[in-house]
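Beneath this line is the structure, given in structure tokens, with notes to follow.
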């Protein structure tokens, strides 16, 4: 699906859902800023927009429509025979996380950012795109004046969307800590390792993303005007904080793992303690009873008048002594 | 709450609790140095001071009044249409730690440092602020001559306040080591992991703070005069030492954890030893007694004259031998 | 075996399997691009091509024909008395992985890349070579116009061939996770360590390879024309992604190892639990039975009318109580 | 205590224990080199020397007389109104280690190194100071010609003094390894962790010290003449070697820890083995004896002629078989 | 022992075992290249060659004759009053490893490399030295034309000699893996830790060596002519590969350690399993036999006609059921 919007340099909506044939004309009008959004687009749509209208470099097109890529940003400057104007090609990962499935899903969003156009490409509908589109059309926040401003708004919204995912992660880690402490089961380890994997995954996504934004924040690209750079630095700060949080989660999980393993080894300890306790507590009775079960013809105790009573008393006292000994040693 | 103070360039108090309407006037007087402190301020107060009086860049205002941020410093230089003078925006974390709750709480302090003004913003009352204010009013230490001097005094006081918190941490770690050695319980691991978390947290706070001060110490900012830079280098050294201490704490905690786990596995070992001991020590008696409990019609020993006595002696000697064997092996 | 191909600057095949004597002539024709492939070549063939025709630097020849080397790239510029033109010498590791043997085998591929020639050397037949040769002869993808383009195609194909190997690795890791969870055996640890070794090996190969490509991607070499550099950057991105994947595999394996060790310690736990259970459950019966096996002349219970019944009932109830106790503690 | 020495530029002793009033005069004589050593000095002495005579920067005075600091070096250049000449301020940690207490104690030594003076400050008497003083007075090694030469001699002596401490550490680690292998006790772990802590401490001291010397070795400071720099590089090399040794110790201790933990888990293993052995070996006898302790009216075996003999033989053979089985499995 | 050789600039042997008095004369002849090898030399020999003939800087002489040093390279340029010509001082560690002792011994080799001389110093005879000497005298490989060429040959030979040591290490690690898998004993851990220590040691040697060669490979030293630099880069590559191999060994050893620890914990598991098995299998018999060992006057089963037979059958069936249960659970 192709969505296209044209704005005047004052940030007002000029036209939308532009006819395909008109796109090149509007693109060449330097008083307009053109945003084309390709959502789950067909190969034909891709070819038309990326090749026929914008004449992008084949490598960036391949990166855009091909298999998933790591976050990155690249600057393309045209050679003589190439028809495109200089542009930035950027790959960013948006996050989509919902409790139901418990999966930390990310989806790729590709940007082509030129002097007076922005082309975005993504496989699934993204909240950030629809929200920003609405704001741009309403013209509220002056975001539609230029592509660098618009790209900032989109990126900011994407990074903002990491927050709920992180909150859920944080919640889950808290729950896991409780579980590991109070009722550790075989399942617990599995859950810990699963969440750990997700945190690792998160860190691997955030890492290159941060590097991409760092390049923007340092004002490396001419296509981003100087007074817009602080805004990108702000996104960079956000990403920095997220990666600090992810680091904190990783630390917590290592602690929880240690807790779990300790609880589990404590359980073995408890079981062995119980075994030892039972064995030791029954030992006096078993010794006395087995002993007087012998069939020697002459065992004086057996014929004593209070022999049995004595056996009962000895057994009782020995067991009591054992009991008190363990009581003192705090085994109960 | 807005607190405002104006000082002459000689560091003498000019006026305080200045009327709102007068603030812009005093600000434009280059012979004065203006300090405005926003403590737990209302949105209106924020808007008035940050936007209407000082015209700060919207991004720094957002960072200041918005959610918690990592420590950082940013330099803002005005573009043509922007009304502010160049300033530094800094986020620092002050620490507030008390035994009672055992929580290592930090609170954010934001600085706007201009050529002749200093604006501070914080949510909760800070000891560093009130102490510095008093010193400035008394005019004792020449700290009120210029914003860079004043900011140094504030930062120094904040970093100084980490010390008691670190001492308490150090104390707790020492206690934990004793506990792990002498009476390790299930609780102990929990405490170790808790303190470890706090140390991790401390390191994550100190890290970026150190980087911020490093930039000051290298004389990167023109707003900090050359002869003041060594003072900032001094704070940097303090932070370096604190982060070294935190590293030392982390090492200690790793050792304590290993100690604890070892003590815990030692306990299992002891329990199993006891079980084995009891089993082995009762074995001779049980074997003899069970054996002579058999009902064969003809078991010569049973009818021997001293059969029973013999059984007693054999049992006693075998048990004694076992006892001596374990004694020699140092199981007692 | 020597395979040689000459192409015109338009990328058309000029001649193939060129007579040895003609090689120097074709090499000196700057309108031609010469590709010589040495596959499992004899020392004589090596000497002829590398020394007599191309006059390469002895060190690069030694690296090429000698023992296996780490991936690297080196630029050779001739001194006065040396007869070669400037060239790049590159060592790359191609991967060859098949389920049957489960071995992650790599084989070395050496490149000599000059202004108008490409010499490749490898010990075993490589799919990448044969595929690229075919494409070059068919002249489909303009890859035979220049050595830098041709080298890119070869490198791209080699890196592309890592993908199936990685997929198999990923599959194996998934299987191992299942195995560790459901039926951990002594074998499992062995397999985990084996796959871990392979992942380590993979990372050690990819690492220097990435650095080599990074140098190409930064446009460090003049022999690679500027408009070809983005293509090399693309290969670099691929390698970056592969090394991220390898990192992910390493993380997964650490998790699986922890899972396995935990399952294995769980088994001990289960066994000890069973032992304790049996011991405890039989304790009432053993105590009662042993007790009333005593031979005291006067044991009133033995002569009670319902003495035996009482013993049965007591034993049953005590066992039942024990059973219910453990039931409640969820030992079953 | 103030010790003061003045040397001529030929390295000859000019005067010693100079009267306080003369110090400024001698300092202003550029043909003399002045060494003032403050050992455990009173606040008044500090004030007199550091402030009144040398007019050092207040920050360096604070660092010198205040609480303990990390090793560092700082260059102070005077501003217009400041009276001191350019100087280097350096904090170095000397080591003092003796077997008796087993404590790895370090004490701080502060240097002020000017063009024609050296001021040293330390709390406790240091061997390095007294030895160097003696050499300087004897005029043997030309060390008293200039402050940079003298500072080198002092630093060299301090670093040299690390060697015996390191040797003792090395000895202790060797002893610990033996102990862990031959008679691991609860104490052992404690000792291991203690020595580990010391090694960590050592590394944390050596680290910044090395960085300080690296700056000297790179010839960063003008106050150190070019032909003296190689001598500082030599100290740097020493520190590098010490930190390599510390790294080696840390590795050894990790190995010893693993050894200890393994020995300790081996012990549990041995105990369980013993328990199993006893249980299994007594099983045949217990089964036979218990079985024939039954009171069935008709148990044919009991009335057999050689019934008892048979029971003895069966028991003996079964026990023997068990014994041989374990013998074969190498349990003894 | 002093060995001295003089070569013409064509690499031909000019004279050998030169008289001491002639050395300075030959040294000043710029048409000759002088190689002096000090093997296990006396202090007098050292003094004569290093001080009297070559006038080296005292620091380099101290490093050469003093205690063992880390690998390093330093450039010495003479000051006015110093008599030596510019030279490089290098410390390299040669390896000497033989199965018999199983010790990974290294010995130091010091180089002084000047414009027309090479001085080598070592405590023990080195194969690399004797082999290179022979090659130089035979004049086969043009290695005796200049000191930089000669030093390369020596270094190459030294690095080449690491290979057999590495092969033995690799062999040992393979053996250890087998041992850990098939018959882990208390010894095994010791061996693993020993080999690990050696690998650590190897890495610590190779590290600085690599850095030294990296400086040569980057052409940092003017004494190494540009067209010789690639040869040093070649040695650097070798060292890089060796350090990669050492990393691989370290990884393997970590795996083997994990294997060993797991095997050892498996053994405990097996022992506990056996204990449980025996206990459980004998339980039916013990219960039945103990029960019918009771002496109640009226126990109907005892007087039943087939009472004993029934007891036998019950015992047999219960034991069989238990046996089958464990069979199914794969305990055998």
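Note that the chains are named A, B, C, D and E in the order they appear, and that numbering of residues resets to 1 at the start of each chain.
Just so we're on the same page, contacts are C-beta pairs under 8 Å (C-beta built on N, C-alpha and C of every residue); 3 or more make two chains touch, one makes a residue touch a chain.
None of the values given here were measured: they were computed from a predicted structure.
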Contacts common to chain B and chain E (chain labels): D
Length of the shortest touching-chain route, chain B through to chain C: 2
Whole-Å gap between the CA centroids of chain A and chain C: 26
Between chain D and chain C, distance of the C-alpha-averaged centres to the nearest whole Å: 42
Junction residues of chain B, two or more chains touched: 265, 268, 272, 275, 279, 286, 290, 293-295, 299
Chains in cyclic order, anchored at chain D, direction fixed by chain E: D, E, C, A, B
In the complex with chain E, residue positions of chain C that touch it: 57, 59, 62-63, 69-70, 72, 74, 76, 79, 186, 189-190, 193, 196-197, 200-201, 204, 257, 261, 264-265, 267-268, 271-272, 274-275, 278-279, 282, 285-286, 289-290, 292-295, 299, 301-303, 305, 307-308, 311
Partner chain A, residues of chain C touching it in the complex: 181, 226-227, 230-231, 233-234, 237, 240-241, 244, 247-248, 251-252, 255, 258-259, 262, 265-266, 268-269, 272-273, 275-276, 279-280, 283, 286-287, 290-291, 293-300
